[in-house]
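Presented sequentially are two complexes of subunit A, the first with subunit B as partner and the second with subunit C.
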Partner chain A sequence: MTYSVRSATVRFGTAVALDDVTVEVPAGSVVAVVGGDGAGKSTLLRALAGEVPLDAGTVETPPKQRLGYLPASSGSWAALTVTQNIDFVAGIYGLAGEELAARRAELLDRASLTHAAGRLASQLSGGMRRKLGFVMAIVHRPALLILDEPTTGIDPVSRIDLWRLVSEAAASGAAVLMSTTYLDEAERAAHLVVLDRGRILVQGSYDQVRAGFAGVVTQAGHPVRAEWSWRRGRVLHEYWPGGDPSTPSSPSAPSSPPAGAAAVAPDLEDIVIALSLARRNAVPS
Partner chain B sequence: MTAVLLRASHVTRRFGAFTAVDDVSMQVQPGEVAGLLGANGAGKTTLIRMLLGLIAVTSGRVDLLGGPPDRERRRRLGYVPQGLGLYGDLTVRENLSFSARAYGAAEPALPPALTGYAGVLVRELPLGAQRQVAFLAALAHSPEVLVLDEPTSGVDALARAALWDTIRAQAERGTGVLVTTHYMQEAQQCDRLLLMSDGRLVAAGSEADIIGSTTAVAVRTADWAQAFAALNAAGAPVMLAGRAIRVANADPAELAGVLRAAGVEASLQPVPATIEERMLMLARGSGAR
Partner chain C sequence: MLGMRAMIVKEFRELVRDRRTLGMLIVMPLLLLVIFGYAANFYVSSLKTAVVGPQAAQAAKALPSFFDVTVTEPSGTQADAETLLRDNKVDVAFVTGQTPVLALVNGSNLFAAQSAVAALNKAGSQVKTQVLFNPDLKTSWVMVPAIIGLILTFIGTIITSIGMVREREAGTLEQLAVMPIRPSRVILGKIAPYFLVASLDMIIVTVLGILLFSVPFNGSPFAFALGAAIFLFVVLGLGVFISTISQTAGQAIQTAFFFLLPQILLSGMIFPLEAMAAGVRWIGYLLPLTYFTMISQGIMLRGAPIASLWLPFVVLTVMAVVVFTGATLRFRRDLAPGRPASPAGSQPAATETVSAA
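This part shows the complex of A and B:
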């Protein structure tokens, strides 16, 4: 089973939050959506979750009761305990009695939250609260799991816990769509979608994205063209789109690197920045 | 000349019976970017608040610019807290003018990316632009020490690179920078890393120093879902990297046994651990020295 949004456009007033976006989420795999604040990640996830109507396009999802959604904001009730939060949501899906007790114990154990079962959600750390939100989103074994930035602002240790939970959900057959601002995290997903200002810059497996990347990234202490360069640690990286015929080349703005420039193997961070720059430099904003 | 800009010597801070920071010694020198890493609750923010003189130490000693962190020395410091410390109900221009006056500095000029926002209320700006304003406010008085608490959380790759450009430019003119982050790719951009766990400084040095001889096992298999399920059920700290499976700090022979018992064919290869995996081990106590 594959769930999807196709040719989806969403407008808020005159702002285009999502512009002709198609994303497929197959069962048993993790699809990661990356992009910064305002890229359209939440809108894409909410569109698939049926929380925001499309102006154009279609959405294919399982019935509501087979869908799990963790919104970007908390996702739990501050004045309820961890156990009460889980039981409340489980009750909505008709989970009760021994079946619920067993499922709750299993999930608390997986999320390393057993010791905090009686604690109020308001008294959990940020990482623990996100894990609780995740547990609540998955308690009914959804076929499609939608997670809006489950790991933003979460420490690396809790993040590994969360990734294990996400991987486990996919391994047991769920289709998972999650958003993140961390590119190293997105490299772990089977399929990644890079959003920028409502449009897809690139999507595919990490290997496909790398293989499909045209042009050259060089490294130097000083850039040749400041508007095509960015900081990586102590050095600057610079993008030369040469090879892509749609990018004009001129003596004042060459699209190929000078002879002797040190080329680097671009990682996902480089690729995303290079493609963002290509879009910005092509369309003056 | 001040050789060390920020120094903690055997610093401890207790809140009642709870020890938030336990006998930590560290320093930040001019021109370096030191990255402070650790889980939530590891004591990073408490340590920063003591270094800045915002809370007192229970024992030990803190030096900011060669002496106690008093008001005079704090004028020479730039700080961007996690919550950015801006006034949402004031415009960009008003925020900058307020903080410049508080530090007795000239009001900074707006960079091209922000000129259109001068009269806009800060709370109406996109997050990336808010972060740029907070940086401008913290840098207007040319601080000698810069302390940044998760400066790039939630911004896109391009905006993150721009903020790092600013951080590096500061270090190059001699400022000492202390930065916390949860983003490991960003940690790799620091000159030196300080790793905290449960209130203690458990490791310091380069990424390679911190990872040391710690290894993980990469599991390659056609049937990742089954391999993952089998290893997970056996209680191994298993992680998914694309379709490859990683297990931190594991014995390959033991994993091979688990996979064989589950009828999964796989090849196992020891690989260097990542900083994240090293942190996970330190937090779980298995990596204690």
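This part shows the complex of A and C:
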């Protein structure tokens, strides 16, 4: 089973939040949506969840009973305890009695929340609250799981916990669509969607995205063109859409790196930044 | 000094952005002054009067203009006069054919009754005055039934709107929207607890009012409960409506205050409606508390049957239907923005495809 958003366009007034976006989410795999602030990640997720009406395009989702959604906001009821939160959501999906007790115990254990079962959601740490939100989103074993930045603002250990939970959900057959601002995280997904200002810059597996990347990224202490460079640790990376260093280009607007520049193998972060810069600097990539 | 200037500029910028607070600062004082200046009047200038008995016609002519005779019934008896008072058709009823003439006063309209008693006392031994429904003209007897309504209004609008808007503030409304639960069930599920708490409060306040202030309960508890339930739907609907036009609990409280204040001052609870300037009185007739007060005072003090209170019952029912439907439709819109209403409860298809309209 594959769920999808096809040729989706969403406008908020005059602003175009999604522009002809098509994304497929197959069962059993994790699709990660990456992009900067305002790229349209949340709108894409909310469109798939049926929360945002489309101006054009179609959405294919399971019925609500088989949909799990963790919004970017809290995802839990602050004045309820961890157990009460889970029981409330489970009750809406018709889970009760021993079945609920067993499912709750299993999920609390996997999310390492058993010791906090009696605590109010408002008293949980950020990471624990996100894990609770995740548990609430999968308590009914959804066929499609939509997670809006589940790991943002979470400490590294909790991020690992959450990723394990996401992988387990996919392994048990759920189609997972999640957004993230952490590119190292996105590299682990089966399929990546890179959004920038409402449009898809590139999508595919990590290897496909890397293989399809045109141009060269170089590394230096000082950039040749500041508007095409970004900092990575102690050095600056620079994108040359023209590609090969040996290709001659005009000296006024060089699109190829100078001879002798140190090319690097771009990782996902480099690729996302390079493609975003290419779009912003209006160079056809 | 520079820092303070920046602070002042920032504060004004925030204030200008917050239209609601700005409205409260500029419009509220003007409205309060004008409306309540005209409304604040305890003096009743004329009394609706009935005259019954053999000399009704002559007596009606002889009465000073302060008594506005609306009913003249030569064949009427004292029982007829009492019925007119119980149905709140008149404030005073004269029963002729006996010496001295008997004047019955409707004590449930406190200020009218006070004016009537003062005027009748001037007549000396010609008239025997008897105050019905509130013989000692106690303010508490008139206030307690009205305060029951005020408490219901408080719970219905402020507490309910805060409870509803909390979901929006916390972002959990979004989560409810994707769950397989009908918007109507979300709304009813959220409102039912407030309905129960308000009902319990109403019972406690009514019983306490009776015990502490010896307020009588002369009518049918069933009719009273029915009136309270209909009224509760109106104010709960108002609470839901307020939550749909507020983003935060603070805004909800502010807005509920806009609804609450006029109910206290213009519903006839404090100032008698008939003593208000006509330009302000009509506002009172738009407020649900006005009609609940008519019902609660009528049933508790006068023992009035539903038949004689049909008007407030009908008005409240219409208000309940309009306000509740409007508010829930608005709330629904927030809960189901994208999806066309899917037939929840029916057997779900394997997938749902939603196209742009």
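Please note the rule applied: the second predicted complex is superposed on the first by the 274 of 285 C-alpha atoms of A that agree within 3 Å, B and C clash if a C-alpha of one lies under 4 Å from a C-alpha of the other, contacts with A are read in each partner's own complex, and residues count from 1 in each chain.
Note that in this section a residue touches a chain if its C-beta (ideal position, glycine included) is under 8 Å from a C-beta of that chain, and two chains touch if they have at least 3 such contacts.
Model, not experiment: these values are computed from the prediction.
Judged by the touch definition given at the top, the superposed model places A:242 against neither subunit B nor subunit C. Legend: residue contacts after superposition of the two complexes on their common chain; A:59 is shown touching subunit C, with no touch to subunit B. Once the two complexes are overlaid on the shared chain, A:73 sits against subunit C while remaining clear of subunit B.
In the superposed model, A:1 makes contact with subunit C only, not with subunit B.
Ranking subunit B and subunit C by residues of subunit A touched puts B first.
In the superposition on chain A, A:277 makes contact with subunit B only, while subunit C stays out of contact range. In the superposition on chain A, contact of A:47 is made with subunit C only, not with subunit B.
No residue of subunit A is contacted both by subunit B in one complex and by subunit C in the other.
Subunit C meets subunit A in the complex at residues 170-172, 174-175, 177-181, 337-339, 342, 344, 348-357.
By the touch rule above, subunit A contacts subunit C in their complex via residues 1, 3, 9, 46-47, 49-67, 69, 71-78, 89, 92-93. Within the complex formed with subunit B, the residues of subunit A that make contact are 28, 30, 35-39, 125-127, 152-160, 163-164, 167-168, 170-172, 181-184, 187-190, 196, 205-206, 230-234, 269, 272-273, 276-277, 280. Against subunit A, the residues of subunit B that register as touching in their complex are 37-42, 126-128, 150, 153-162, 164-165, 168, 182-185, 188-189, 224-225, 228-229, 232, 237-243, 275-277, 279-280, 283.
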